[in-house]
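Going in written order, the chains are labelled A, B, C and D, and every chain counts its residues from 1.
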Amino acid sequence: MADPTLYTHAVRVRYAETDAMGVAHHSSCIAWLEEARIEALRSLGHSYAALEASGVLMPVIEINVQYRSSLRFDDVLTLVTQIEVHGPSRLGFQTRIECEGRLAILGHVTVAAVRPDGRPQRIPDALRSALTL
Amino acid sequence: MADPTLYTHAVRVRYAETDAMGVAHHSSCIAWLEEARIEALRSLGHSYAALEASGVLMPVIEINVQYRSSLRFDDVLTLVTQIEVHGPSRLGFQTRIECEGRLAILGHVTVAAVRPDGRPQRIPDALRSALTL
Amino acid sequence: MADPTLYTHAVRVRYAETDAMGVAHHSSCIAWLEEARIEALRSLGHSYAALEASGVLMPVIEINVQYRSSLRFDDVLTLVTQIEVHGPSRLGFQTRIECEGRLAILGHVTVAAVRPDGRPQRIPDALRSALTL
Amino acid sequence: MADPTLYTHAVRVRYAETDAMGVAHHSSCIAWLEEARIEALRSLGHSYAALEASGVLMPVIEINVQYRSSLRFDDVLTLVTQIEVHGPSRLGFQTRIECEGRLAILGHVTVAAVRPDGRPQRIPDALRSALTL
């Protein structure tokens, strides 16, 4: 049975995401990791847009990214994301970014559920259930 | 007497703003033009942050950018911006971006004053006065 | 018969592409337009990465963008791009960006074929043929 | 005597760097941290552009960023960067980003000196000396 907390997403490197070294700039993967998180949540039936509309914001509180090999314009990337529940209000997303079977980037991102005013809140039960079944 | 509608601003090209051609990506100047507009308004005593807080938003409705010569990482740019009043609710910003005396980019940006709900509104009188004296 | 110079591409608005007005920042579409151009060329059998590798660079020399309605995070956009040959060394790309049947952005981008040293060169014959059949 | 390995730099949050939460997007600080590194090296007499021209590239191999409080459009940020030598070919940059005396972001970035072909090389002696005096 497929692990509901594991999600695979594909991204192609944009020209705008490259830099003068001829490779993807190290900041570019931050938006890819975000896109992978959002698609991982969608695959569980949870639209992040709908979460925000319902008053659940999930700002990033920490990122750790290790760059193992360079990526170039037009490379097609595979992002495999594992979601972990970290206590009542935090989620961790571990993403491996691979290109043609080669590990390129390891990204760990922690988000915290907060109210629109910034105060912490619990991860919604329906989302928590989807992640812990 | 200095022309209050003319403002000179400096920007240095960031590494993150370059691309695999080894030059500044053509999208990078959009944020520089925006920064120049905001500083030009500030020089007239109008903080764009304060305008937004007072309910005056100024989304961009049209841009035209001509790229005349390439810019590289670490280049120091001079942006000379001329502000024009275009009717009751629109402003035009014409910006010349130069590097070491050479014309690099010509940017024309039109913004429209709108309310937070998106409906058009007049340019605030104080700002209009600052631009037409 | 399908018009080979017309290409439809889809993009979803990233959270990173939004701004404090709650909509896609006006600079975000520059990368979408670029992605649409690259996919339009690919659909004609011309990889832009391969063009660059063969010594044909196509920097942008002019952009004109009209913003007709706002786009939000997670919106799925349809970009319909028409390619036009503008003389021996230039291509024009006219792109309509629509969201749920509503016109959001009109973008016109002109690129020029240049050698790696920046001197103009002719559009490669194979690409020109693909565009004028 | 001033610590040559400690450098203070200022940045103002651009509108383009905000997101739909109304604050600076978490990816925006990656370019600020890069700008702070480059200005810190310049303060030691080492232009990163000149380093690259001499065949010394310094790609980022790891970043860790902790987000402590939100930043908004137009905020003026103070970035205090400490440079550390990590072995023969790596440098670590620890940056505190503060806004009005409040800690906003802690960023740790590791770069590796490489040749244009990507093979590791030693940090140039002149730069190493400037950092260890």
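Simple rule for what comes next: a residue touches a chain if its C-beta (ideal position, glycine included) is under 8 Å from a C-beta of that chain, and two chains touch if they have at least 3 such contacts.
Please read all numbers here as calculations on a predicted model, not as lab measurements.
Participant: Hey, how far apart are subunit A and subunit C in touch steps, shortest way?
Facilitator: 1
Participant: With respect to inter-chain C-beta contacts, which pair, A-D or B-D, contains the greater number?
Facilitator: Result of the comparison of A-D and B-D: A-D.
Participant: Compute the distance, rounded to whole Å, between the mean C-alpha positions of subunit A and subunit D.
Facilitator: Their C-alpha centroids are separated by 24 Å.
Participant: Using the average of all C-alpha atoms in each chain as its centre, how far is it in Å between subunit A and subunit B?
Facilitator: 33
Participant: Quick one: report the Å distance separating subunit B from subunit D, using the average Cα coordinate of each chain.
Facilitator: 27
Participant: Among the residues of subunit C, which are close enough to touch at least two other chains?
Facilitator: Residues 15-16, 20, 23, 27, 30-31, 34, 52, 72-73.
Participant: Touching residues of subunit C toward subunit D in the complex: what are they?
Facilitator: Per the touch definition, subunit C meets subunit D at residues 15-16, 18-20, 22-23, 25, 27, 72-73.
Participant: If we count contacts the way the header does, which residues on subunit D are in touch with subunit A in the complex?
Facilitator: Contact set of subunit D toward subunit A: 20-21, 23, 26-27, 30-31, 34, 52, 57, 59-67, 70, 118.
Participant: Give the list of subunit A residues in touch with subunit C in this complex.
Facilitator: Interface residues on subunit A, with respect to subunit C: 14-17, 30-31, 34-35, 38, 47-49, 52, 72-74.
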